[in-house]
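Chain IDs A, B, C, D, E, F, G, H, I, J, K and L follow the sequence of writing; residue 1 opens each chain.
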């Protein structure tokens, strides 16, 4: 289950997607999301990616359609897996689910805050049922744990 | 109820809208949608349009807002009816319904797969209640039947 | 996906079933169903059947049990598919669903009016989830589109 | 609001329909329905009909389809209104509702027992929403009150 | 089941209760309730009471508490049964139900309009489940039929 | 609790009712119902009946009304109990429940397949709440176990 | 849409109704409703009324029945519109809705606090669906905005 | 937690409110509420009050508005807590809840019968969520236990 | 509570957002929204803004993502409050709610038509629970009342 | 209704059961349950028991099965009634309800905190519907009131 | 479908599990479960086991965890199938379902009383959907029929 | 957010709890849970614990009560956090939630399989709303990611 520790040839390419309003992280509403900025999350992700020897393509978008298009293009870009924090679109977007179904890539869904201790409409996401793994409530660390889990899942072939 | 077989003056202009992820048709997830591509669907639509002597303007978009704007502009472009596969937005977009209500054009809603044999959240669409007609589950042929039905509805004045 | 244009040997036999109260078409309540009679629908169906080179056996019944028995006998009569307007029984009859499941024939469900713009109890049918295709809201033309769709589905082997 | 007391020419024809299991009245389960027989109800109905100078055609059937057909034929038989105890079919038959909608005759729905003090699935009927009047819980007298109400409604032109 | 035709000694006293807003009958919103006034309904009730040899005590109130108190006092006034149109309080007042349960008098619930063809919150009443009989949708005649039914129920001892 | 082993005089008469589509058993859809035919089930039932010294009257019908009428006639035919596989009508027919309530005979409800592992609308039946016993999911053996249980219940007087 | 600025003849009479517990404003529970008293609200209303040249009749009541009666009497008092804060009765009183339906006067519903951020049973009111306008959550200013909106609606004839 | 046993100066004033129909106690429907009268309950309450050295002001009302007004006036009368049996209004009155919220006095809700073993609409009350304590099902003793609990809560300062 | 009448230094900047399809106002579907155009609404808003000495930045968009981005940028542009008609996105967009939560600006939600008298899915919005105020159903005047309410709320510091 | 004050022979034996996590009382989470320990509750219970001349057998268990077994053994131990704080098992254990049904002993259910002001899943218990009495929200005093109520109920023979 | 009548080598080992409170059978609450004791049920089971040449291991437990452990150990003990009356745990225990899923043994679920005529929370069990067969309502005989059905299912290889 | 890399004094003690049926891992039902055994999971956990310099106390139990008691004892054992796979008890045990609330320790909930792609009753857990973090669907790796997340959360003091 541990990642192989071998070679440079096996460089995984992964896509990281940040959904709507995540560009505001650390700027506003720290009581819910803490005061970590998206830039620092991305730095931490890149540092861990280097450690795990994977390549990341990171994007944030407030547009449902852009997120969909990014997912659709992932296979042609050689991406093997997706790490996605769908934010609010997780609760309302069937189209995002369809995009992930269409490309058929394994993906891990992460959430900064514990969606189960917030409003009832945040307790369900359209992505959860088809995700390879889900990490919730660890703050910025949710991304790092999710990335680790995704890489190990891809490397173990599970 | 049959279309008039007369004149060239009566050339109907119709808009065909393909919703999110339909650009992926035939590329991915063939177990659900078959392996027909969107291009071949559009070719078949154009062939039938010629046979029925109607003019088609065909667009696919992953953006809810773009689909809305396209619908809003239809009357000014002389469009008399809309053939729309809303895909996932059918289940979540009240705004799409409002756009169709706003322009007041007759429209036919089509779906490739049988939405009633998939997940429960696909059993309802916001468009169904105001559609002129609905065609579900015939694969790519849903579009052709829908086009035929829309044209006959417009020509019969019903 | 287009029907084969070849031979006389390939004569499909199809069953057309009209559910309860459809014998009243054109006689009463024209505001909902228009003023087309069942006879004229059947004439149009036969004309189209001739064009598509298929043979139709058409029956209307107000009895749930009779409709069930007709479906059960279809395979022994050499019927390859069913075109059914279940009318009210679509919303209440599990037995009709079971009959169609039992014979395993592909069938197309049609509705004259848009059931999704009527009372909530008409928004769901027990047949929809297992239908090969569904056509809703085109008035009498729903039958013609449904027949066309059924024939093409059977001929394409899809 | 009182019936006109004038002429013999104004003889109303009404249809009385007894739904499933009402032929068992007085024979079984007297704790729910009392021990009045259907025959005695019909006698009382005919006596009151004579008093009100209306003509009754009375039928009981256990078959949903037969009840539907009887309703469909009512207008051709010169029937001006229907008095119906749908019994169990009131709770499950959309087709019965459709038959009454199709003929467009005013009808009164009656129930012997108080359906609101029995199982929850008896608290709603598909007929109630389109009935001209409803009489519930007076035992056999529900029919007589319903007949009286129907006749007065028809005669008053309300 | 017919009332006894005998004596003056058997003079039943009944209470008629009109719930909130029924004092507005005939003054406003005739599209729903017709243009009969409460006074004319009461006159008709008194005429029928005389014919049936019963004595009526009639009150209208917009106050839930007053209706409750009136019901509570009924047994001490020698009242044997209640004819009540609870109007809106039927849908919201458990206290009214409790008052009727407390006195234990047989009562008939009447409604002028068909509550089942109006808003969903009007489809249920707290009184229906414990009523001796229910008459709905005959306009002002609902009261007369209800009175007749109540008297016959009391006289028959059913 | 064991049946008395005594006499020939105590010959029980029981009615076996097969609901809609059960005549198709073994002919179609073997993945759900296995490939046993209704004839072989009836043979096995008759063999067991002989062993248990009871007399069976066996009928299959696709008509709700016919099943109702058969149940209504059972007491006059000297029937002491009913073994019924209501099939689809179990989920939709209040009238069947009423027929069984009306005759007041003990009855056992059987199902071939496990209705609780199929579609949600098959998880409830209108008969279950008033059945003397229920046997589900043993395939054709459900009938034999149900017959045994019914006979023992009748003989034990429980 | 702006009020006419002309004459003294056009003096509108409006009724302001404060529902239950609003007499407690400013005395208790300031965390929810602030510390403005009902008197100061009424003063502000009268000042604005003068500015808008309308006449106000203002009443507070804890009695559902009194509020109903006040509404019923409004037309006879020459009232052209009602500004009502139904408070708790908005969530539970069908009778209040019926009173407003009966008189048919345009009315504006106001709430001091944001009912949508309080308990779920406060998210719906029986009045909302038939109101001419609704103003929520501006504290005491809700009344002033509501009055302004009502006057402009009446003067514009909309 | 025990009450202080000290002084006469510490005389608590409490309000006891009996909701609708409780004036009927012991007169009617003894199967539900027993045959204790409200007078005897009040006597027992006064006796216990003397023992606990508290002063009681006891009122019964069938009017929701009166109960509300009584609660509103309690603080000005020096009342420190309320013992209330809301009866039916507990299930339907948001206004009663609001009155108790407005005055902010601790209150104990009591019910004679076990509301959880009666009709489903009696299983919830609008008061329960904000009560200091709740006592259910001990018959007349519910009041005495509730009074004791209220006094101890007030004296303990909890 | 009245706005301060003092100085030019206190010039508030507010953002006005019009959601999807509002650019169609006055062009289509006048039966629902009247025939006022968005331009005339904006003119009226600007006139009132001048009167209230506030500065407005007005945008309409059919794109959920654009509306989100506009809200996110508001604080950096010195905006102190938002006046938003979310139109259809109010019913479906959690992301819009999150954007407003993220910036933490007070905002007022307005709707032209009475959303509570339209389809059930329009009765709730994701914004209502966190809005500073809500104005519904006054047509174009909803904007003016909402602007007034927003300005007064900001100036009063409430 | 007061307990008899007489004899030593009449010594009642009662069982007190504390459900899961109640051993943690006073150790943790004082914001919900206060800082009273279970030991001090038991001391108070024993003191009151002596005053009321009853004998208590007190047990706490975190095991559903142990609580069940204790209840089952109660009758053989001469126990006449049960005072139970089911804690979390009240909301989830049908087996506990069955144990209490099986032994048929009167029991009183108590809760320290007000379960109706906590999470929705705490608003219902499986025991409430069959309890002799319920005491909620008085903190540790709930036990004492419950014991008093139970003893009085047993002694009064109610 | 009949068991093979052959050999001693084919001795099946089956586990019989009685859930919580079944040790109380015949001791208490005979109105629901009759007065048969668990011992007599077990005797009857052993007698039938001998007749059917199977070996039984029978246990009753009030502990969910013990039942789970017993099921887990079954395969190692050579058990081929389980006959289980889960009693109350059937309605609440997902863990029991998981234990049965984990061992993958065929099992038959039995209930003494008709769970469908008791409280609504008894109408569903977590085991039903994965059971090989279900026997309900035959009292103690449910076990014997269930054992017979289980043995025949195992022997027939179905 | 990264763990401090300093000292031996800072040795965290954590409790790992495996819920019911997890002792069966790798032995049965590999299609759902894979074929990893609990022992190998524990080994991996201990290896990672050593790497992270934390001490683990690991227990599996099929008994809800045992899991509760283990959690209650954790603080006295110097445990600073809990890693728990509640398995089936997550979906049904309020008592487990209460135990975690009572001790107030941070805990991470893990699940091997994706509970959101299994039966609906597995989509919610009673623990999720109060967990510090949740990891779902990574198979055995869920534990390792959860441990890592828990340690980092404790060390970062978040």
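Simple rule for what comes next: contacts are C-beta pairs under 8 Å (C-beta built on N, C-alpha and C of every residue); 3 or more make two chains touch, one makes a residue touch a chain.
Keep in mind the model is a prediction, meaning the values are calculated, not measured.
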| item | value |
| --- | --- |
| Neighbouring chains common to chain E and chain J, by label | H |
| Angular offset of chain H relative to chain K [C-alpha, multiple of 5 degrees] | 120 |
| Pair joined by more contacting C-beta pairs (F-K or J-L) | F-K |
| Inter-centroid spacing, chain E versus chain D (mean Cα positions, whole Å) | 23 |
| Centroid distance [mean C-alpha coordinates] between chain D and chain B, Å | 47 |
| Centre-to-centre distance between chain G and chain E (centres being mean Cα positions), rounded to whole Å | 33 |
| Of all residues in chain H, the ones touching two or more other chains | 63-66, 92 |
| Chain pairs that touch, as defined at the top of this document | A-B, A-I, A-L, B-C, B-I, C-D, C-F, D-E, D-F, E-G, E-H, F-K, G-H, G-I, H-J, J-K, J-L, K-L |
| Residues of chain J touching chain H in the complex | 1, 34, 36, 44, 114, 116-117, 123-124, 128-142, 145, 148-149, 152-153, 158 |
| Chain J residues within the chain K interface of the complex | 63-66, 68-69, 72, 75, 92-95, 97-99, 101-104, 126 |
| Residue numbers on chain G that touch chain H, as the complex places them | 19-21, 23-24, 27-29, 32, 61-66, 87-89, 91-92, 121-122 |
